[in-house]
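So, here come the structures, one by one.
Here subunit A shows up in two complexes: once beside subunit B, once beside subunit C.
Let's turn to the complex of A and B:
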């Protein structure tokens, strides 16, 4: 962080934010999308984008903390945890409104259990995190299959209402998750724990010598990622009318993509939370835009890839230019 | 001595030929199921049907073994290795739901060369030495427009939900739908999204495109597994519920029943029963039995109409797919139909 001697202007400081480009891209794609209908449906598109971005941001936050820990740290068990938490929670709640809180606790406990198991594999058996979380995801997914057999149980009505409710076109859940993201940004930037995570990501040896409790910090990050995945599974099954075996599938690549597009360093040590929201909105809007213009699937994938590369390049160009 | 044995076996052969189909001579034959994926409710039902039919068949001594094997990662290389292992383990026939129509051809050819019968179904393989129990997906798509033509003589705007991009099944169903729409120009396909045969993904995709579509969508044509998600998206957007063609999933049928009771909602539902794995089992058994079976067979659709909804819903387990298990006689019928 070698800022110039004179304090930079606010605009310049904003331009230097690595997460800015995700928002710029999301906004540009949004404009192009609503141009198709002459601007008539802007509100509806924005509502849909916030609705679906919410779920990716929840798991994105957890993934980001893990990725921040440095090279090789990534949580591949997120989709399986989402599925397991959703299946167990809906089954325990059994459509009873009175069980909503119990369901939430159970979903979070599922996440916590997976987190403990993941870190146990990493630390006790000394398995690299990628392999550890990948293999645990097989076990967790199999547990979910054996437990639920793919049965879709409806969520309690009150939970379904809550997860789909809106105020002035803004999903309530999205507002909650924006607040959650704000809290996590403070945790990352201002708390001792957040600084520890960043320090480990920048140089684990130096961090250890400086007295950072490396083991506990890493454990907490993996734990958090899994607990957020459990939360996501709980809310997602409330939102989409029950859990299904494939409900978590798309969140593996999405969670990693959010971290990267949001301007966090994939090598760890330098992360930000605001970028996750920009990236999540962007990813949903790109698909919506290409669908709206009726591109074929092949062209859509090509365009998606090209746009994502462009955003990442733009974001990293900013950073190196500083 | 050798001559005597020769005569004896010739007599035995003649006896078998005379006896015809009555008694299975496959009591010592082993059949394996090689399956590439188990992560959705359709595949789960497929595996359960397999167990339900093959276990009694093994107990009754019709075949010696009928073991299911599923690969963990839905990878072509993994399934190719699995097929090679099954050949080495001495299975006489492999019933195959393949990860790819052509990438497994090498492994399938090796199996055939080793004298193993390969019967592919659902996810079929193009290798000529294998049998194929295929679905006429194009007709499945075209049927949807045919149904809408009767229901909505005036036509209107239609939203299409497709499956997984790049998969042969998705292309075929979509081709059928578009062919139907070309023949019936009163229907206009105003939007097309990929829902990957998944409720959650379909819901997100439909929610995204709905704002840009005209208000008067009269119907949603689907590929199965996506109808409930589409309904959720229409409801969330506060739109008038169009006719959504369903794909036999229990949640879709339950939703349909709810709407039917509330406001007389009408639609239909069609898909392939997961029990098609048992059809493939009986076909493999008959081939092992020495029957002459054409290489290309066609699976019947399982279609649910307004009148049959309650009954189908009752027999479909929660979270499952409407299903039928096939018998040896059903297999015989399918074979006879293909011979014509």
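Let's turn to the complex of A and C:
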């Protein structure tokens, strides 16, 4: 890159990144946490943070692409899709190692089906996305209940091993999802598709009149969100020893929180992937920190809310100042 | 009615500017009891500005006197209403989620206490009965559910309702645009009765027949000035049209005969299936104008053609790619969070890739090329698009369309807010691109721009009503076609 005219210093450029603050906050919370233990359990805390952040980042990426499409676009069917994909995949795999790949494909297919259904509701019936994905989530959740009958089937041992394995304290799954995030960042910044999503989020009418295939682009985003939710359900059921009907619950608000804390605009048109990782680590570490310091449940929620607000305010200050 | 009577409102040398644009350049006008004033003029002549000024929406420089008393700078909507000055805007101002009665209440603060809804309903229905007998509207109807004509009827009737302050001066902006001939006749008859009882009406209309039959006095505006003011009886349709337009200028210009209308057209829109429907065609290398008054369906036609290039439309054939230059930048053109370069390249990204990825070197090169070619005034094309002035943003939109590979470029009144120097640059570019084989479809309401066109279609009320080749093109003809009336 030739920035001959006015080369901004690398530090200045870094400071202008909207995702920076999620990482700063995550790191600060991490330091405060291990101060309590005198630095002893730092490695374990970090490992746990990466382990749990992995799952929220997977769904966060899909949610982020949907949110980027502009005001009113959000996928509320993520938790139900996670549950359905987990239930169907574990039942099909039936603890057989040989069925792992089939299970994965089935989980992704569940996601694809939900994605098609969601977008069908949005386009054919002209229902606002928030209502469409909410109502489809009830249908999907009911399907999961009817299908699984609440019986917990263990995942194939090889899948369980893979999802819990580590190298040098770093979860293998986390490494894979860091790579996935890197790829999706390139998709967002450097491909036609990424530009289209961003254009639609800024001004959908202008995007149409600039020749952007608006319908296909939106469809792909809802599809992607649901497929990532399916992937998350598959991995989560391997990680936590089988699927359960409530396994997706926490990922609804988490996926949206990641997008916001990560520095993407809730109004759409301006998103980034790196922030999702920072935000996911931050969210996990905040809870860990409050637990470490022995906060009760009530106080913990209160503090979590206050800290999230503080980070978002700090980050948005930075951006407007820029 | 003596002429010496003190006017309800009088303007004296009123000037109004929006930024660099002088919308009104010294207007004198007096509205007296018992007269109907017809206000006519081209789009952008200043009629709407004048009307907003009378209603107290805008402030302006100059003297405004109410009942002979100079209001100085204190004139406002509230003052106007207290003096019984009412306005019916062209863009209807009713709240669609409220009922007819509730909308009536909005104007009348004195309708309060228990049963206000019933009283408001009775008030508006009585007025509707007076203006539009047999209107078929009831007080409980939700406005959003009413068809456009009935909404307009409610809006008009509401302006004439009386509670605390009397209605003395009512300004009607294109009041019959959504009404059928019968309803329009009812309204005009009511206007005459209202005037006979001592009221005053300012009637703005593009239907000259309405003006001539209803108004006592006609005021003609052009370029922010009153250019003619005479009793209606002294005007004829033809003299009124002549007063609105410039005296047909020498239009030698580039008068070479255009005989390129051959071969299969780039764009063809089938004639409407109605009597006198006109087919729309544009060939390679032609500049085709879409003329007429503003908002007569020209933009809609361009958008239909744009869509037809992507998805088959049985009435429209388009060969080759199509790009559009938006006139309404904020709504239809600019991506506000992006840089100038990103805004320029969005329509050309498919060719600016290496493999799957967008090549930064190629996008920067394209942006730089167009920055130079169309003289976008910025130190760096990576600056935000919003750092540019409106005219330069518009240039970026031109660059987006001209820089694409599209064979046909649609221009939706693209020169709004563009200064004269830039206009000349862009006109030259359009001509040279057309000479190179590109086709341009150009919606404009400016006569000077139509002179650049090889062929002009005049639109009125969503229909093409005239088809003029360059040789036949005169301002007179376009105005006549724009105002032609269903007798």
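As a convention for this text, the second predicted complex is superposed on the first by the 317 of 322 C-alpha atoms of A that agree within 3 Å, B and C clash if a C-alpha of one lies under 4 Å from a C-alpha of the other, contacts with A are read in each partner's own complex, and residues count from 1 in each chain.
Following the convention adopted for this analysis, contacts are C-beta pairs under 8 Å (C-beta built on N, C-alpha and C of every residue); 3 or more make two chains touch, one makes a residue touch a chain.
Fair warning: this is a prediction, and the values are worked out from it, not measured in the lab.
Asks: Assess the superposed three-chain arrangement around subunit A: do subunit B and subunit C clash, or do they fit?
Replies: fit
Asks: Go through the superposed model and pick first if A:205 touches only subunit B, second if only subunit C, both, or neither.
Replies: After superposing on A, A:205 lies in contact with subunit C but is clear of subunit B.
Asks: Does subunit A have more residues touched by subunit B or by subunit C?
Replies: B
Asks: Using the superposed model, determine the angle subunit B, subunit A, subunit C defined by their C-alpha centres, to the nearest 10 degrees.
Replies: About 120 degrees, rounded to the nearest 10.
Asks: For A:270, decide between first (touching subunit B), second (touching subunit C), both and neither.
Replies: Only subunit C; A:270 stays clear of subunit B.
Asks: Have a look at where A:96 lands relative to subunit B and subunit C in the superposition and call it first, second, both or neither.
Replies: In the superposition, A:96 touches no partner, neither subunit B nor subunit C.
Asks: Tell me which partner A:48 touches in the superposition: subunit B (first), subunit C (second), both or neither.
Replies: After superposition on chain A, A:48 lies in contact with subunit B alone.
Asks: Return first, second, both or neither, reflecting whether A:190 touches subunit B, subunit C, both chains, or no partner chain.
Replies: Second partner only, subunit C.
Asks: Across all Cα pairs of subunit B and subunit C, what is the smallest distance in the superposition, given in whole Å?
Replies: Result, nearest C-alpha distance in the overlay: 27 Å.
Asks: Within their complex, state which residues of subunit A touch subunit C.
Replies: That would be residues 1, 5-6, 186, 190-192, 195, 198-199, 202-203, 205-207, 209-212, 265, 269-270 of subunit A.
Asks: Of all residues in subunit C, which touch subunit A in the complex?
Replies: 303, 306, 310, 323-324, 326, 331-338, 342, 346-347, 349-350, 353, 356-358, 360, 379-380, 400, 404
Asks: Within the complex, which stretch of subunit A touches subunit B?
Replies: 33, 36-37, 41, 44-45, 48-49, 51-52, 138, 141, 145, 148-153, 164, 236, 240-242, 244-247, 249-250, 284, 287-288, 291-292, 294, 297-298, 300-301
Asks: Tell me, which parts of subunit B touch subunit A in their complex?
Replies: Against subunit A, the touching part of subunit B is residues 38-41, 44, 72, 162, 165-166, 191-194, 198-201, 203-205, 207-212, 228-229, 232, 236-237, 250-251, 317-320.
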